[in-house]
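Okay, so chain A shows up in both of these, paired with chain B first and chain C after.
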Partner chain A sequence: MADVEVNWPWQYSFPPFFTLQPHPETRSKQVSAWKTLILEYCKKAKIYTLDVREASQWPLFNNAAINRKLDSSVIISILSELAKNGNAAALDKGRNRWDIYWHTLEEWASIIYSYISDSGLQNTVLTFYEISNGADTESQEFAGMPIEVLIKVLRLLENDQKCELILSNDMQGVKFF
Partner chain B sequence: MNRVKYASPLLLENEYTLVTEYNVRLYDGDQKTSFEGGQLIITSHRILWGRPGAIETGQTCLALNLSLVVYIEEESPGTFSFSRSRKIILFLSENSNDQSNGPQYTSIYNFIKLSFREGYQHNVVDTLNHVLQQKAWEPKNVQRQVGPPSTSKIPPPIKLRTGIVGIERNLQEKQKKADESISVAFQDLNKLMTMAKDMVKLSQTISTKIKEKQGDITDDDTVKFKSYLLSLGIDDPVTRDSYKSNTQYYRGLAREICTALKEPIEKMGGMMGMTDVFCRVNRARGLELLSPEDTLNACKAMEALDLPLKLYQFNSGVMVLQLRTLDDDTVSDATAQLIKENESVNCEELGQFLGISIVLAKERLLSAEKAGKCCRDDSIEGLRFYPNLFLIDE
Partner chain C sequence: MRRGVGLGAIQKHKLEQAKYTNIGNEIQENQIEQMTKQLEVFRVHLEDFATKHKNEIKKNGEFRRQFQDMCATIGVDPLSSGKGFWSVLGIGDYYYELAIQIVEVCLATNTKNGGLISLDELRSKLIKARGQSRLHQEISKDDLLRAAQKLKIFGSGFSVVSVGNGQYMVHSVPGELSMDHGAILQLLSTKNQSFISVKSLCSQLSWKEDRAKQALEQMLDQGLSWVDLQDDDAVYYFPSLFTIASSTDE
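Here is the complex of A and B:
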């Protein structure tokens, strides 16, 4: 995770950025800057899940140049803010493990469905692996998506009657309509 | 100890023995001497000390003329001292030109101590006091004493020193003494208060004299002294007595505080903590001191009186006296400006820049933060404040 080329925003080298501001207006600006930065970073690094305990050591939350580091409790509260917009979801009760959706699940669903319709794959059965790691989808944005996240996206499509999940033991796949 | 001489234990003319005690040690001032475990005899003229058995056999012993004793005092034993040892301190006058031999020629102390290892059987303190009053060694008293020496031999009434009654009596006596010394102390204070008016007058005359000679004096110290007198003195302090009601008193006080503190507060950037106000006002008054409560009430009264100063309370509860012209916005703006000039500040630095206390500096930073004019950086290096780039840069 370490070596990601990120255009750090100016806030990243501004020490108060790493302290949660008490003034409400200032805080909302600060938090929204953090939200943008986190999504940007995860998108660049293709991060779909993170563990707060581990992530607090990433350069994202740790600016060694000015010796500042974001407290994990603050990280959690910012992630909770992200969750409100559907950009993140907590995976456990302690809110330490998170899914990060730099595209919301709905956005992912439409991205994947438009790829399927563009390549004429309707009425074909595809395995989850083919979608996320297949040779044909390598250039797509959703390449490398973990199966768990992919299933969540496909569930949305299933609700819209655009596909059907096949989850039997011997074969796991999806059929698009 | 140099007042103690070698002498014969034989009684002089008109001298008679009052009390004999055993196992007594002599101290030179606070220092133990080798004269210990001896026999002590108090006579009408002298205190005799001899090694056990020496006095009865008429050998040379140590003698101290009672005429040299100024007064005596019983050293009170420590609360937790259970030993029976009692000590009596004898304060002595300067040595007379007595050339006779003594055990010691010089001494740095002007008192000696008698230490009664076993306590004392008779009431030595009272006896000594009695003898010192009698002054049997003075010629005029000799006449009186010649008649019936037996009458003065009667020991003074022995005080009850043992048992609960004794302890209670002791306590009562101590309380009485404390009462007396307190009332004596307050008498002094009253005198001081009556003198105060004169002292104030004196300082005024000095200041006017200095004012008159202003042209001639360039000396730094004089100028300093003058400024002390002029800047601090309040000529006619407002006192409660001269007002009928509390409200009026506070109003008068408010005016006085304003005149006294307006200038220093302006110099300090328009704000002064209440503790400073309290100290400065009372230093200026010198006497007729104000209570913190009165000071606070007077400051509270300022708002209604249209005075140049007003009381301001920060959210944290810290109270300051500040210029009326100052309001939250201007203060936060000024603070923000300072932060901008220095890139970032902490409480200590701001306090130094403005010459205000750290508590006050912190309050100013917090209120500026509350107005969204700066933002905080709370790290292991401490709390620092930066310009609020979050709101400015977008």
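Here is the complex of A and C:
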């Protein structure tokens, strides 16, 4: 995991932040601070998916300076909270692997679609790779988005009849309308 | 001489008594009149003084404190007088305004500190919030205390706790802080420390374990502290004191 430049909030240096709080009100403040921090961290580091078993070792959940770490079970419960707002989704039954959406899928859909219309790319066929890794989209926020996530976003647009996915053996792409 | 024992003697005695009382009352009335006059003169002077030095009073914290003391000695409270002369002066307004800003800062920092804030932090936040334009109006801790104390009228939701060494904390959520809670805050604030365990509390204040545990748990239940379970013992942290210790960000 490369070092990520994060403006750590004061809580990050506050040891009990890494222990799930028993008092309901305090806990809700704590969880909401964690939610914000996780999304910000993933956004800065361009993390779209994570595995809790590995992520629990990241600096995000592990402040070596004060020797505190967030327990995996707590991480999972916070990710589940994020999922309620569409900011995360569990990928397996064990809830170890997660998609993280620092933009919800709906937000991504509108970001990508605005890019397409601004660039006049309607009625053109683009490969998934061109969208997420192409030279033209390098400066876009969605650059580097994994294909699996991209497909989920495009499915939403497809539901709105704004594009059509082409998933044949020799071509993995999308045509926007 | 033999004291009179007859009816006449008793009556005479009564009459004398009455005369004495009358004279006494007269003297008292005179004195009161005198004093009232003096006070009235003093008041007029004080008002003159206040009008003349209005700006000084608003701007200079030390000056303001002395003026307040002077007013207190003669029973004038420029803070509570919204009508008449004192309202023209606007000193009460100054403190009302300050009180409102105190409430604002307390609300704004509530998520972080659970409704407990040191007067020092409150002051620096408040000065920041008031911004550049008012920089010349320095606010002293004394002003803050006066203003914060005014907020007591809102009931138990607002109180100022002395934590020793001239340090104060403002408590802005309903719920009383007991003597024990105060003692814990005082201990930590004196040591400039934001956390404590049951064991260490017991040894430092010679409390029984039950007492220490109960006090710490109550503060946890009021959202004033957080518990850390990643050490040998549970350690209770106070975010309101945490800032003082590390003076981080925001």
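The definition used in the following text is that the second predicted complex is superposed on the first by the 176 of 177 C-alpha atoms of A that agree within 3 Å, B and C clash if a C-alpha of one lies under 4 Å from a C-alpha of the other, contacts with A are read in each partner's own complex, and residues count from 1 in each chain.
Here is the rule we use: contacts are C-beta pairs under 8 Å (C-beta built on N, C-alpha and C of every residue); 3 or more make two chains touch, one makes a residue touch a chain.
Note that the structure is predicted; figures quoted are calculated from it, not measured.
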Subject >> Superposition on chain A - do chain B and chain C clash or fit >> reply: clash
**OP:** May I ask you to decide whether A:104 touches chain B, chain C, both, or neither, giving the answer as first, second, both or neither?
**Re:** neither
Original post:
Of the partners chain B and chain C, which touch A:23 in the superposed model: first, second, both, neither?
Top reply: both
Subject >> Touching partner for A:68 - first (chain B), second (chain C), both, neither >> reply: both
**OP:** Would you check which partner chain A:133 touches, where first means chain B only, second means chain C only, and both and neither mean what they say?
**Re:** neither
Original post:
Does chain B (first) or chain C (second) touch A:49, or do both, or does neither?
Top reply: neither
Subject >> Residues of chain A contacting chain B in one complex and chain C in the other >> reply: 10, 14-16, 18-19, 21-23, 25-26, 29-30, 67-68
Original post:
Any idea which chain B residues touch chain A in the complex?
Top reply: 344, 369-370, 372, 375-379, 381, 384, 386, 388-391, 393-394
**OP:** Please give the residue numbers of chain A that touch chain B in the complex, ascending.
**Re:** 10-11, 14-16, 18-19, 21-23, 25-26, 29-30, 33, 67-68
**OP:** In the complex, go through chain A and note every residue touching chain C.
**Re:** 7, 9-10, 13-19, 21-23, 25-26, 29-30, 67-69
Original post:
Across the complex, what residues on chain C touch chain A?
Top reply: 111-112, 114, 195, 220-221, 223, 226-231, 235, 237, 239, 242-243, 246, 248-250
